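The same subunit A turns up in both complexes below, where it pairs with subunit B and then with subunit C.
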Partner chain A sequence: MFQYVLRRLLVAVPMLLGAMSIVFFAMRVLPGDPCVAMMGDQATTEALADCTKNLGLNRPLAIQYVDYLWRSVQFDFGSSLRQGYPVSEYIARMFPHTLLLVMASAIVAALVGIPVGIVSALKRRNPLIDYPLRIFALLGLSMPVFWLGILLLIGFSLHLNLFPLIGGGDLDGVIHMIRTGDLFSNPADFLAAVGDVLHHLALPAFALGFTLAATVSRLSRSAMLEVISQDYIRTARAKGRGEWAVVYKHALRNMMVPLLTIIGLFVAIALTGTVLTETVFTRPGLGKMLVDAIGARDYPLAQGAITVFTMIIITVNLVVDMLYVVVDPRVTYK
Partner chain B sequence: MAIVRDATAPELTAAGAFQEAPSRPLGRALRRYAPIGIGVVMALAMIVIAAGAPLIAPLSPSAQFADAVLKGPGAVERHALGTDEFGRDLLSRIIWGARVSLQVGLASVIFGFALGVPLGIVAGVHGGRIETCIMRGADMLMAFPTLLLALIIVTALGGTLPNEILAIGVALTPNFVRLARGLALTIREQDYIMAARALGSGQLRVMARHVFPNALYALVVVATLYIATAIRTEATLSFLGLGIPPPTPSWGNILSEGRQYIKCCPWITTFSGLAIMLAVLAFNLVGDALRDLLDPRLRGE
Partner chain C sequence: MSNHRRHRFSLVLFAVLAAFTLLAMVGPPPAEAQKKKVLNIAAKEPETLDPHTSILGQTQAIKRFMYRGLTRFAIKDGKVTTAEVQPDLAESWTLSPDGTVWTFKLKKGVQFHKGFGEFTAEDVKFSFDRQINRTPGTRFGVNLGVIKSIEVVDPHTVQIALKAFDPIFLLRMVGYQQGYIVSKKAVEKFGDQYKWNPVGTGPFYFERHSPREKIVLKAFDKYHAGRPQIDEVHWFDVPEDSTKLIGLEKGTFDLLYPEAVTADFAGQVEKMGAVIDRRGPGGQERFYINMTKPPFDDIRVRRAFMHAIDRKAIKETMYPGGLARVAPSCVPPGYFGHIPMTFPEYNPEKAKKLLAEAGHPNGFTIKNYFISKSFFYPKVLTLAQEQLRKVGIIVELQVVEHATFHENIRKNLNPFVLYGGTRITDADPWLSLFFDSKEIPDPATGNKGTNFAHYRAIDDLLAAGRVERDVKKRAAIYAETQKRMERDLVCLPISDVPGQWARNPKRVSTPFDPDYGEFSLHYSYNYPEMLKVLN
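Up next is the complex of A and B:
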């Protein structure tokens, strides 16, 4: 087990390196001089040369590359060209917003997707149940999250006036209150702030969660179908266990391995989903930060955001791989 | 929806929900082929609309009608789906937008297929160090979600039609590599491969004449599903302002421009998004149904 973990970690390192190299070289190909982007067209030649030197852009590419890798490992992505803040500070500030959105939509997707998938697998011979569920899954798969988001905004924010049109609520305030202990001295304010955050979160979480639920329901449907056709399920039925016990005691537990794969996939899809969801709902977060950074040609910021996205995805896949061993004792690694 | 009605009518009178659906030949055939039929019709309709856009579109997609700015569907008779902020006919723009979506959808999948499948087959049949190299490369690209990878490439190269095709094609490639390698691994163990080798076929001939044709059907099925992914990715890139720049209409940039007007004129975003969804749905339906036919065990997954 320990050996496996070590080997798996060693495989993840070159993957991360490769992915970061792609980001680095893609950003070098980008048109436009970062210094011109930072200082404008009016900057003098000396000022531009000075800036190039300060950013280290006059050094050989190989040196810049090694430097970038070394700094990225320490979460130092340089400073935003437009705002001047360190990129890592930016990312740290945006991260809770994106994490909250991913978690909330994961809950929506799991609550909707897993039951839908299981029911449609178990009742696949009943067209009254199977067809609506399959149509639901197909619609969810085909509906772009940004379109669903806009439809929700038109319906619930503009016409019914039930939810805010933009923003993410005062999440920073909530975090600050938790940190300083204000939530105990001022519980009413704290609850109001939390309520406001949830109010802002509802539509985006539903939009992203719904599109993810379709993928989750398909994957859990096929996982269930795979499990339900196994011999031990037949044995359980043959020895007279009720349908409920067969499903809950035997099938669900064995579904956990495929379900873990789903979670790994899920984080990757959800993270890309946040790029769109945050843009549509004008919510602060890593995804919106990335889109804005690309639009503003703020390369260090974009580079940092993409690197962090990739790190998260590779880490999650690593953790999922290791969880297999915990969930399923039959899986052994040599 | 004919299919649902036909399949459920007898079931309603049946006593138990667990009963096997009636196996009337007509009902069964309908259940089996209706999704693919609907999908094929929708996909063909899209191809016809895209190819015949100049003939089908009622007006020019770039003509601006000063007397009909931001008019709703049917408010002015000649604009069936309304107009945008420049007084351009939305229906004509959506019809022309089908061209971009379909071109990118098909071309990027062909690109990914042409690049990924040979690599995958070589990896699967040859094995050894070459396989390790190819698969590590594919794994590295797989670490990026399709959209993120396409986004990086298209940002680096700029949003033009060929760049979008390249970006999405490259982003899809690792999927084809993995799939082709998996298929090749199974096929290379078959007796007919041994027979071919015994008859003196070289490595290249085995791959091209025996492994590839036997993997082709499964590859094409999955490629159909990736057309749906490619169309959605194209729309997403355009929506984020990284795709083909306006005034050339694409569904994504129509939707993106319409975002500013959702308060007064929701039809712009509604109809362009609907077009995206129907196109993606069409190829998903065809791909799903083809996969069911390919492997009945996977039915409905």
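Up next is the complex of A and C:
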């Protein structure tokens, strides 16, 4: 097991390197450059040359590339071209917001999607149950998160006034209280801050979670269908176990392996979903930061954000692979 | 798992979910900020708060809350005028008889934010020198190129010697771009970090920045013209115009700085009872015709070109109704020296006739016409392309990157050039930039000027205007330049596009008329301290 993890970690290095190189060159192949983005229609030739020189973008691409890799190895991702903040510090501030959103939407997706998928599979012969559930899945699949997001904002934020329109709540405050231990000395404030964060999180998590839930329900439906057609399910039924026990004890555990793969996948989907969700809900986070960074051709910031995204996906996939062992004792790694 | 355990698990799960929902629904207690007068602005996030380093709209808008200059645009008859100035950080000034040395007496007791002490002549010298010396990142040094030297006479007197008399020097000293005064001590203390530790003398000081979320400014108690009524300004980073509109209706935001004001946007603003504050002159979109490049070296072809272009139709397609105005002159209204000009009216038949007279009965084709893919360029040019096609002028477009566009128009590859922008609001810098023969771009000499018309006929007037000290005579000189341009058909202005913000009038008031009540360059509110939060 240990050797397997080590091997996977070693494989992750060229993967990360590959991803970083692709991002580096893709950003430069993209039309437009940071100076034009910064100067708008007042970008004269002289001003552009001056700006390019100040940002070090007039150096040969190969040198910029080597410089970027060498600095990255030392965990120096440079500073934002526009705002001047160190990229690592910037990402550290944005990361908790995105992590929270991904986790919350994953929970929503799992809590809604898996039961819907299972029920839809089990009741596939009952059109009154299966059809509405499949329509739900179709709706979620075909409704882009930015559109659902705007609808939720208009309904729940503007008209019903139940949720805030923008922002991520006082997450910095919560983190600070956890770090300093203030949460024990001042639990009321801590709870209020947590409430504020959840209040801001609810709509975006629901919007992203709902669109993910559709995918999860479709995938878990087919996983369940596959499992319940197996011989051991028939055996379980034949020996007289109740339906609940058959599903819960025999089928669910066995469908966990494909489901785990799905969860690995949907962290990736959720991460890309944060880009749109954070923009529509105006939440701080890596996704919104990435959109702005690409728009402004802020190379270091975009590179840093995508590197972090890649690292998260590699880690999640590794964790998922390791969880297979826990879920299915037949799986072993050497 | 036994039934009992299962039920207990379900109960716990239910309780957690219920608590989550309840917390999420209830949210935090109403903020104590209710008592404070808070102005909530939705715009994009500025990339720096150093006033000398950015030309982005949102950055220029927020700077004005924090910084001031020696002079300011004059408030006259309830309007913020365009080309006249009043003292701001300077108390008074004198000009030497030869017109080259300005002596500014500075107001005493003006304080910088955050205890950085009193504003002095040293700060003035420092603020201009850092730009003249082209400190990396600064962008407006070119506007101070006329300065020869700056001398601190005493803490409250500064003497600025010019290379030659400059009729618009006081306009250059306005709190805008190069004119802002920063605290020398603060810039030296913070170095590279100054961009997020700004220290000025304006009505609001910088409190904090939560990246990708908001910037908080607070009222400066010691602001030299009196503390503003508003206690705090919250500048939210909201990239989406649709979110901005929902926020305006809901009351989350009081002022919006939209990415683009479309007819739909304006309609929605009006429907919710909000107003759009339009601030001229804004940017002008216009054509220059290269009078040296065949066939446009023939004035009949230039006249035909102008008859072929339906300026009103282009303006209405790009900016319907009040969103912009058909530009009346090659010197935009609001600039000192502006007079209305007349241009050949839209008449394709006349255009065809003129082309035939000039030896192009079947029109002609312009190959490899380069146009930027950014901003208004491709849209305006496609409309013009269609109109020109109707009279037989075929324009084959090559859509290129903005930087390539800039390169190519300076290589004189386009026989007519579409261009836009805002400059210091006086005819002299404007005309000098676009019509002085010194600015004719020439790849052979490396001249990268912007006289795309290759015009040479007003050099004498520009030279006279630069040394003329009598305001009326100067105005007459610039009127004459516009008449000559009218005669020679070198420039066809299309739209004057104002700066536009949406405002909730029930929450925030401004003393100036929403419709062009104040002049603004890149910010829409010259005097943020005059904004009032109403409840």
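Quick notes on this one:
Just so it is clear, the second predicted complex is superposed on the first by the 279 of 334 C-alpha atoms of A that agree within 3 Å, B and C clash if a C-alpha of one lies under 4 Å from a C-alpha of the other, contacts with A are read in each partner's own complex, and residues count from 1 in each chain.
The working rule: a residue touches a chain if its C-beta (ideal position, glycine included) is under 8 Å from a C-beta of that chain, and two chains touch if they have at least 3 such contacts.
Keep in mind the model is a prediction, meaning the values are calculated, not measured.
Looking at the shared chain after the overlay, A:I129 reaches subunit B, while subunit C stays out of its contact range. Judged by the touch definition given at the top, the superposed model places A:I269 against subunit B, while subunit C stays out of reach.
Of the two partner chains placed around the shared chain by superposition, subunit C is the only one that A:A47 touches, whereas subunit B remains out of contact. Of the two partner chains placed around the shared chain by superposition, subunit B is the only one that A:L141 touches, whereas subunit C remains out of contact.
When both complexes are overlaid on chain A, the residue A:Q74 reaches neither subunit B nor subunit C.
Of the two partner chains, neither subunit B nor subunit C is touched by A:Q3.
In the overlay built on the shared chain, the residue A:I313 is in contact with subunit B alone; subunit C does not reach it.
Of the two partner chains, subunit B is the only one that A:R221 touches; subunit C does not reach it.
Once the two complexes are overlaid on the shared chain, A:A19 sits against subunit B while remaining clear of subunit C. Under the contact criterion defined above, the residues of subunit A that touch both subunit B in one complex and subunit C in the other are 31, 150, 153-154, 158, 279-280, 291.
Residues of subunit B touching subunit A in their complex: 3-4, 7-8, 11-12, 17-21, 31, 136-137, 139-141, 143-148, 151-153, 155-158, 228, 232, 235-236, 239-242, 255, 259, 262-263, 266, 269-270, 273-274, 276-278, 280-281, 284-285, 288, 298, 300-301. If you check the complex, the residues on subunit A that touch subunit C are 31-33, 35-36, 38-48, 50, 54, 82-85, 90, 93-94, 111, 150, 153-154, 157-158, 161-169, 172, 192-196, 198-199, 201-202, 279-282, 284-285, 288-289, 291-292, 296. Across the interface of their complex, subunit B is touched by residues 14-16, 18-19, 22-23, 26-27, 29-31, 120, 123-131, 134, 138-139, 141-144, 146-147, 150-151, 153-154, 158, 218, 221-222, 225, 268-269, 271-272, 275-276, 279-280, 291, 294-295, 302, 306, 309-310, 313-314, 317 of subunit A.
Against subunit A, in their complex, subunit C makes its touches with residues 17, 20-21, 23-29, 45, 47-48, 54-57, 134, 136-137, 139, 192-193, 195-196, 210-214, 236-240, 242-243, 246-247, 249-250, 252, 283, 373-375, 401-403, 406-407, 410, 420-421, 448, 450.
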